[in-house]
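One structure is given below, represented as structure tokens, and several questions about it will come after.
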């Protein structure tokens, strides 16, 4: 099963780490640490091999992957010497990166821009003789998009685009192009992407699966095991506060309060949904340039036990975001290839394990089939993959 | 279903908190926070009511429960004013506390001492007209007991006792007495208790269930959700280090390295068993008198992600041990009453949710039916309780 | 030396704790923990005795001190039983509390309101036969006040007030009244208070000392020892981030971003001033109602060592704010009585040890005589007190 | 002023980092971050230039400095590429490293071994035409040495050595050799070194200064600013507990409880001495191989405020030990050269700023002239250096 990986934001830290890592693992240079689908629980599944993935993508930046990989060496994400060992793979992927689109789109209208994106992806599929191409959005987080009537149905959207009206945020334009090209689509960012009724409809009609959104790699990952623990032990959580310090491109983007708003909305779902009651507390995202690709998250939880005894839990997570995200990107590509191969269309709620804001079976946030407890999500994922 | 609760260590912090709390919840003075069996998931089960529990027990200390409750007010475990509101319940329980036994037993041999314990429990059951009495060990942790051939079978044990040889640590003498009296028995401590082939045999022959051991209330509780998270995300844990600071009676006991050894053995099971490979790191238990019944645990986990990126997680847990343990004691009593009522004999491995060192279906540590992941344990518990 | 203590915000947590504590220490019920001026370094100084202090004050709230003290028992600040033992002292202080003023002032103009405040303080001094009265502002933090030309000189201020124009925030109105009454004045809050050229002039003309501002009790206290450590070791601080979680009346006030702005301005002085270069990082103040009078501050410092090695320091401070502030209030009263008795007029920069935003010898923030390193501040304080 | 630096343990992490760093700073490749004597406060002092230092030393290991430097690159202490840029300096230092001695000494007696050490140092001084050579011990920490009557006076020591009896631990043999060769000597480790009456006498007689011991770079550095803060604020410290996790050569050595004992004795001085009363709490040193040269220290402090309110402070320090130690080694060399040049003989208690266990003016631990507060130590250092 030859599978293409089309990365939106292909020159970013996550994308570059994914390309370097896939090559390094395939070449036996490093173990597949952090790749969920490489663990024994997924041994019998019909997933494409890591070594068979072919990379390409869109980006609006011009820095080549080899240079990006060297930057990641300097910030400690990628081991010194490794980019040189996979230079051919980086060059091959680099040759498949095409200019992306900004929104608002210059000169062209969105229909024209979308057509160009579709054609880039389709050309990649043909040129490389791929069975399918999974498109995955790892571009910079957008500010939350305003609502628009054209989002509500595919007909309305088609009509708006046909009339030359620009109604989509960039992430949704990419999703529209991917689905139109018949490609499985994944939102790894908190951006709108495919999370619009019109695009849900498009996916179902075209018979392609989509999944998302916002990769769960740090503070929220911990919440997804700690909140169920408090619930199962009948301990009452009074307040859950968090501060996230991060640098890197993602940190710079999130220093913009509008972009951070999208992230915070994703982040706050798990606790309230799991516990079933509202919990006090703020979540801060602070840009600290000197932290580079490393994130420090501190969470403070106040809870009550028997007879009202007041207790607390604090944790500090010091993670390398790109190293946490990249293997999940590879997992998602493999799993979406499987979904596509086995005829799944529309939202794949069984991949909730990977996301802060998992799509429900009806295409909405927190819709049917979504549980926020990591253990339940894992069991759902494992049995879903085994049964395809 | 009228159920007796026989507390070994009935004047300790955990026991006193359990008696105060059961009365306060029954009287509607406080919500049942921390009582797992009061949560909606257990709504349809056939458990005895909290308000129907009748308390008694053994202890070697003489301080009355009213006074112990006041000490717990001063250390912040029990709210000011509450002991006065449940004074009658405390007095009633106090009147049912009998002198326990030390090991080595003075003057009497262990057979004679055991007979006295059996008769105390049986008299309590009759005097109070109880359907059954659940015996639960919440006495001070013992040093690990040496092995002895008489532990290997019931015949060997009976012969040794009959010959006047003392072969059991105190916790096992209590377990022997409880099982002999036909009572379900629970080890809430890391002491040997029923964890001997001879006593496993006794439980099965007498048709009574037993469970244990070592209530899981802090650092290990967190490990039981965090270790599965690392496993499911295919992150490689390099080292897991921990320091526990605690005061109180339990802290004073564990300041003895021999007693701490028992605790540490329990504590170290979950990480290695869940991850499936040995993990570096030490666990310290330090007695800090001024912390009273409050425990601070700091854990530091070093782990690798994709491409070997080195990351870390730290947590600090500040818990009130008695307030965490007491509601679980009540849960265990209710669940063991259910087990007994429904004819379960021998080890109840389905209660692993509550313990650091859960007994397997064959009566051994880590035997069949035991998983160390909290989420799996909870699901096992829930469906077990629902099906009785 | 009989000394009056006039508390602006006399029914608040800090004020109530100060009154309870002064009585308890004087009665020998508790050691003077946290009272700097009770330590051996101040043994030979001519300070009034704690037991000789006489309390009164202004507040806009009506709850009696006995009731406030009981609330502080429930939140764990004051030991159970203590308010009863000092009931007479609480009643005596309560009898000396007069209604304060809000700004904007209802009906009356500020000149009239100030005259009423002056007369309250003067009447207290006479009625109780006091040598002097130290006025100390422990009322709720105000939003930062806008600038006004009338703030620039005493003449301009007098003219504005005489003309019936309201130009002062409440804290400055209290400062104006105190200085007019010839009383030493202390700003324990970050509010404007005496920090106006017009009031500095008034203090010098009236020959009374003033000091402030914003008691240094938690995160900033730690910064004042840690920042000098980094400086003396020539380590380069890259970023210093902080999150403060607090409940209580002060927390509720600071949940208002405008009030928090005043606090944050105070908080950010010490690091930049001590290190001598700008340091990246945000400071958050989050209101978490369930924390009551307890504050949790988490700080995260990124710094470089030799050859650019990147390192970090984190701390978590869990303090009881009222218990940290109240003994400093008593210290300040004693020290200001000494200043007054020894003829000091205008700003007392030698008390910088106590404040986040210490006044310089010229009446400005960071003016001459101010160093932000705690050790230097302590030495300055000690020798100043010894030489009076 | 041409100054030699003779490193005992010259192939260790600290030594290698010092050699790499001195060269890099001298070449302008990196700023002198972490070098105290490069800060403005030391601008006018008569210290030798960093670029004028000439390196040599003893070690029992054979790995060359270039290779050790590459290992330090891999563990993140030294920036990639830097060893190549200072290859000549590394080669020059390497050429001056001579085989050290183990204790017990093979075949030779200690007098003979000492003579060999003396002659190595003297030959280095002559060969390189140095004004003086400062010997600094950065070898592996030894277990605490037993007492011996020959330690009590120089006569007794000389007699013992003359008679062929081995009475010195290795560190003291190096100190004996250094002082005999007329060289200033510094103990950067907690080993015995010069801390014997016999060697104190030797230093005074030979007219050479010595200093030590145990470089203060992490947990103890923080204690030296935090303990004075608690003292100055009259807060009562109830317990101070600490856990240190470290890998590297130093970590491996300290995994031996005997060696750790020496370290722990040094570490526990500052709190008790500063506060003036005994403080509860244990200090753990755990070897965690995967941490490499990076150390994580977690400290937990329980303290009381006004009215006995119980509070706590925790900190986590994540430091690169070699990057913290190496610049201090350079500082000490420069300062000891100054001491020697200005005729100081015997213990230099004014260098307490650098040490966990600073020598007093009488040659004993905590003797006259020693204060454990960092701020006081800094002021003493600064004025001492300025006045030479």
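Residue numbering begins at 1 within each chain, and the chains themselves are lettered A, B, C and D in the order written.
The definition used in the following text is that a residue touches a chain if its C-beta (ideal position, glycine included) is under 8 Å from a C-beta of that chain, and two chains touch if they have at least 3 such contacts.
Note that the structure is predicted; figures quoted are calculated from it, not measured.
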Check your understanding: If you tally the C-beta contacts, which comes out ahead, A-D or B-D?
Key -> B-D
Check your understanding: If contact pairs are compared by residue number, which of B-C, C-D or A-C agrees with A-B in over half of them?
Key -> C-D
**Study point:** Distance between the centres, which are taken as Cα means, of chain D and chain B, whole angstrom
**Key:** 49
Study note, to complete from the structure: Whole-angstrom distance, CA centroid of chain C to CA centroid of chain D, is 43
Check your understanding: Tell me, which residues of chain B touch at least two other chains?
Key -> 76, 310, 312, 314, 316
**Study point:** Footprint of chain A on chain D - complex, ascending
**Key:** 73-74, 76, 80, 316
Practice item. Flag every residue of chain A that touches chain C in the complex, lowest number first. Key: 238-239, 241, 243, 245, 280-282, 284, 286, 288-291, 296, 298, 300, 302, 310, 312, 314, 316
Revision key, fill the gap. Touching chain B in the complex, chain A uses residues 17, 20-21, 24, 30-36, 38-39, 76-79, 82, 221-222, 225-226, 228-229, 231-236, 304-309, 311-320, 323-324, 326-327, 353, 373-376, 378
